[in-house]
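Once you scroll down, you'll see the structures, which are given as structure tokens.
There are two complexes below, and they share chain A, which is joined by chain B in the first and by chain C in the second.
Showing the complex of A and B:
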């Protein structure tokens, strides 16, 4: 009833290939896009700046990682380091007078080059060993950034982002920063949706499912994996740069530590591997749920429902975060995207319980 | 030269204590084929438990024994409740599950017992031991000896009847089922033993650097130890631990002054990367032959 399938007939190849063949899906996407565009008018600056903006940027980062982990099946536990490379190099480029647009590209390219170099080294191995190799990359990059003053920005190790403008519009207000982040996230989303339909995307899926079987049918595993590393690192680098320019405003090495890498992997897994909806839901869930639950419990404790020590309250976000990862892996390994899919399938045939025979 | 020998000896002793932290990882990988990235958190949890039991007024030796019993039970519980559901899932799921456990414990344990650093007093004393002009940290010396003892004990354990069963299970799950071994019980047992190894590492490291959440960062050197030594070899833990400890002590000893500190993490990372590049299965690890 909600997702009416009657009348959906493909009479041409473009119609058969379109992203959202069902009218209800197109409506949903349209409404969401409109809401995202109007968000600065609809919600207060506090919510826009501290919830919507980071959510968008982390979604873009999670989608970049999902390209590698979900589509390509290559585990990466040092993705925060890739983002750090993008952030630091774009800031240094912008401080050197390079226009913001090219600084973003430069950040992405630097991240792609370094990320691919580590990827090429690590791609001889897979599975657990790839996890360990990328983990080592995370620590190496962290160390280089914090121990080379020319990169980290001197003794305080914080580097302020310079004033920039994007396409002649100065990025100085919250709204402008929000729209830059929105633009990048929409670009990433469209790229992700479409890359699944290209030969590269199909080759990646073949590699993920069985690499030697893919090699037999003529897909070069090493080249495809390397291209995947490069694409994901580029996108991750730009996401890191956007995160630095539009959200943090000043970067320190700790903002891209090992825990951030884990957080990104958690976003991808909680959302659902290789799913766009999952990228959005996972990023939102991992960012917001620990905060919301902690505030709830602290509020209930303050209202006198039960007593909870200051010390335990301070540790609640970590507890919820870890518990969330365990809970999803045990009870819904396919993540929030699967839950969304179940709900959608339910309404696809509603008011009936299942379709046909 | 004396400086070099001092770095060498103390590095070797620290390495033995890394090896103790890595022992739990290898025990579980060996029997269940599961990477246990929560070993750092288990070490931290064990240290907190022993400190708590000690603060209740128990003598330290009783507290350690009771802590070992509790951690053994906790290991069994983790296997029964969490890992058994993960049989047959891809490795990323297990890696993330153990990492999730690591994060959960890192929040829960300091949240319950208090985040401020605690101290465990083993009655070792602070005065360094001096042998032929070489200063050795007394705590490291005792820690290294205890680690050596425990690793030796676990090597001997794999020669007992029970240990033979565990080795059989690690070789082939299906074949072990066929001859009537309980694979589940063997894997649970290996988690329990990993819990006991965590008590050893937790008490020794806790007495050296204090008990707080930073104990869980032992995971990183422990990973370097198992990657270098071979992920399923106890002999490898010993050799890998010595190598990581010595390199992680000697190289920073000379380079820290020029490179701006904390080169130990770099050495650890480079060890991991080089091992994976040159010999992914480590020094003593079994090379997996991939069958199509």
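Showing the complex of A and C:
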């Protein structure tokens, strides 16, 4: 209805490859960017700090994993461990006096090196076997962090993040932390959008679809797979570091446990593999829906709409949440991004049913 | 040497007010000087729209002109131009006019025999064509027309080293010309200055509904005067986005894509090919759009088919808003103003339905949509006006650059074609014929004194159309004067008038009304295969072919209802009593209609005489032996039983 495709024409090849050729899409992106920038003015600190901020950071993390799983087709069930490596190494670097900007990079690089080492398993195994290999990474990293006091400061210890500043601005207020997270997520989004139209992105897609067929047409699976693990692990590591510095403020090994890895996989799957919109929607869904459901049921219970036991009030949201995930995957296996896409196309061909009539 | 019909009609005497240097090529040079980086042309090629600036356009024209000259083309040479719309064919057309040679465009689907006749009649020795297909067509004529020595082609695919003797690529010619321009100082200015306003800019042809097509030479002065008249009346604006998709051999394409485009600095967009034109239309989103009534009607059908299969909400919104807009438009044409509430609701509809539909069709930016050529159906006309397009009708012929009379925005009516352009005079003589006078009227047919004398009287162009003035001073066109026929009892009727009204029905593609010297009128109907096929599918009627579908009783009943509706609207003595559904469509390849789908009555009367006799003999059906010409040239005979339908009182 509001999409206008007439007059969209390209007079050069770069113009034909632009990200948002349709004005209505540019307009939507612009409005969303503006809302994100003005969020600290528009919403209260409570919502900013406990909803918007984690949503952004988990989106960046989900996008990192989606790069590997969605674009490259390499399953990874130990991504929380990658984030943990990034978080712990950047904290140690920052405590050692390295500026925050470089500590983030250092965290990313450490995660990239270790992540790539485990990713090397992908050169030999695929599918469920790769899942096992990455699960091994999850448990190994967990074990090492918990049992090496030099890293975690002891099994039950909490490692506080030091006071840091980013580009000479001290990261102490909520707004500053929000903007750092926003910057990283936007960078990650732009990277993801653009990587799809690079030769690396196309090589990844070829590997995902069939790796030996890709090898036949000249894509080097060895290099491509390792680069994929390295890129995703780097991004995951930085996301972990941002999570530690901007959101948690202190880290414990449990924050990066196996269940977090599963949550990340859920974000990517529910959102839609290999989709940017899916990254945002998936992270939002996995993170926010349980909270919303809990509040809703607690609110309804308190308002006296129904009386249920305390125990059930705690579990009911989880039941609904699980049901919703099953429902989404049942009705739209390609995730929330596909639902968004369907809605967009509904309006794109308005008032017809399909294009090309 | 230009082909002037006779010295007494020297254009210098006929048009004393024309400036000699006022030529298309000089105007192109002006554009290149004032707007060197403005976009003159876009052509879709290799997936993107390749752009040409005015400076680039001029350079290309001059290079090709220099190349043509080196290849032996000189003043007065008539050069055949044929092919689909291509940027380089427009460049070649202008390059020829720069050399004072005469481009003679021909329809790209013209039969070889038609081309041969034209080439022999006009002494054509060179041709500029689009691609290998056209080269092959001309090559097959060479043994019968050995004078044709030079063929220049645009698209080298399939030719290359295999090109026949005498054929050369335009690109090579342009390269050669470029070298000449670089080597010879002063050649550039010489080429720009050679042509004069009195030179023939293009040699077009009448459609040849009756007999051989007549050559219609139009001078620079004619087309420029026509364009300036139209611009003065606000029908064209400067800098329009224009899509060049209509046949280059049609006068409108020369007037719009070359003359108006250069005079008013249009950006001319050339679609990739005919098949992608609709898709490309959406990418271009022109501001000026011209289409034949048939094309508008096809567009409406496209929308209706799309809506018929769309999902619930969208269809319900359409079903609410479209009739509302139609009602509003009908009231507006009747002179009633919409209320504030109606205007508001129309605004809502514009967001929900009309705007998106215009966008889907690629007409979002069209401020000046036009139609001409034949009468447009009331339903179609109203529909697009209701959609928010200011659709208007033009009236004109090749002889006056198709720019003579048009409707203005504020007094549209369904029955009139509007008022004359400033600079054009219109008179209706005592026989009811429409006469036109103005700077855009041609000076006479190509080497055809007799025809010239018939159509030009004291500077007035006899259009051959019967017309009259409406009460508010607008011109009404009734039909061809020559087509006025009389029944046996002397009742006057114009078959095309009845036929056009019948053709507005979606079920009927073509129809031929018969009744000259007969007791009553009857009709030979060609159903519209797509529309009736769809109609039959919805009702679960089975059919295997056009012929079978046309003879189904349900289809006969459908056509009968359409004819009955027409009979209600016309005087009783003009009602059609009997009809027959033909087993095939009229086909230009069988010579039954022209390329622009005008009926050739002589051919139809002769070929279907058997059927017509049966209709008037009162039979209920006729066993007709159809003679079929296969593509291989062999002929065969097929026997078909055609049912003859009666309307009330048909047995009288």
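By our rule, the second predicted complex is superposed on the first by the 341 of 357 C-alpha atoms of A that agree within 3 Å, B and C clash if a C-alpha of one lies under 4 Å from a C-alpha of the other, contacts with A are read in each partner's own complex, and residues count from 1 in each chain.
Methods note: a residue touches a chain if its C-beta (ideal position, glycine included) is under 8 Å from a C-beta of that chain, and two chains touch if they have at least 3 such contacts.
These numbers come from a predicted model, not from an experiment.
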Quiz item: Putting chain B and chain C onto chain A via the overlay, clash or fit?
Solution: fit
Practice problem: Examine A:102 and indicate which partner it touches, taking first as chain B and second as chain C; both and neither are also allowed. | Solution: neither
Quiz item: chain A residues in contact: does chain B have more, or chain C?
Solution: B
Exercise. Name the contact category of A:222: first (chain B only), second (chain C only), both, or neither.
Key: neither
Practice problem: Considering only touches as defined above, state whether A:27 meets chain B (first), chain C (second), both or neither. | Solution: neither
Quiz item: Of the two partner chains, chain B (first) and chain C (second), which one does A:11 touch, if any: first, second, both, or neither?
Solution: second
Exercise. With chain A at the apex, figure out the C-alpha centre angle toward chain B and chain C and round it to a multiple of 10 degrees.
Key: 120
Quiz prompt | chain B versus chain C as contact partner of A:351, first or second or both or neither | solution = second
Quiz item: Is A:305 in contact with chain B, with chain C, with both, or with neither (first, second, both, neither)?
Solution: neither
Quiz item: First (chain B), second (chain C), both or neither: which does A:47 touch?
Solution: neither
Practice problem: Just the number, please: smallest Cα separation between chain B and chain C in the overlaid arrangement, in Å. | Solution: 27
Quiz item: Between chain B and chain C, which residues of chain A are contacted by each of them?
Solution: none
Practice problem: Enumerate the contact residues on chain A facing chain B in the complex. | Solution: 69, 75, 121-122, 124-125, 127-129, 131-133, 135-137, 139-140, 142-143, 147, 212, 262, 265-266, 269, 311-312, 314-319, 321-326, 329-330, 333
Self-check item: Parts of chain A lying in touch with chain C, wherever the complex brings them together
Solution: 1, 3-13, 15-16, 349-353, 357
Quiz prompt | Residues of chain B defined as touching chain A within the complex | solution = 35, 82, 85-86, 89, 91-93, 95-97, 99-108, 110-112, 114-115, 220, 223, 227, 231, 259-263, 265-266, 268-270, 272-273, 276-277, 280, 292
Practice problem: Quick one: which bits of chain C touch chain A in the complex? Just the residue numbers, please. | Solution: 42, 47-51, 282-285, 302, 305-307, 309-311, 314-315, 317-318, 351-353, 356-365
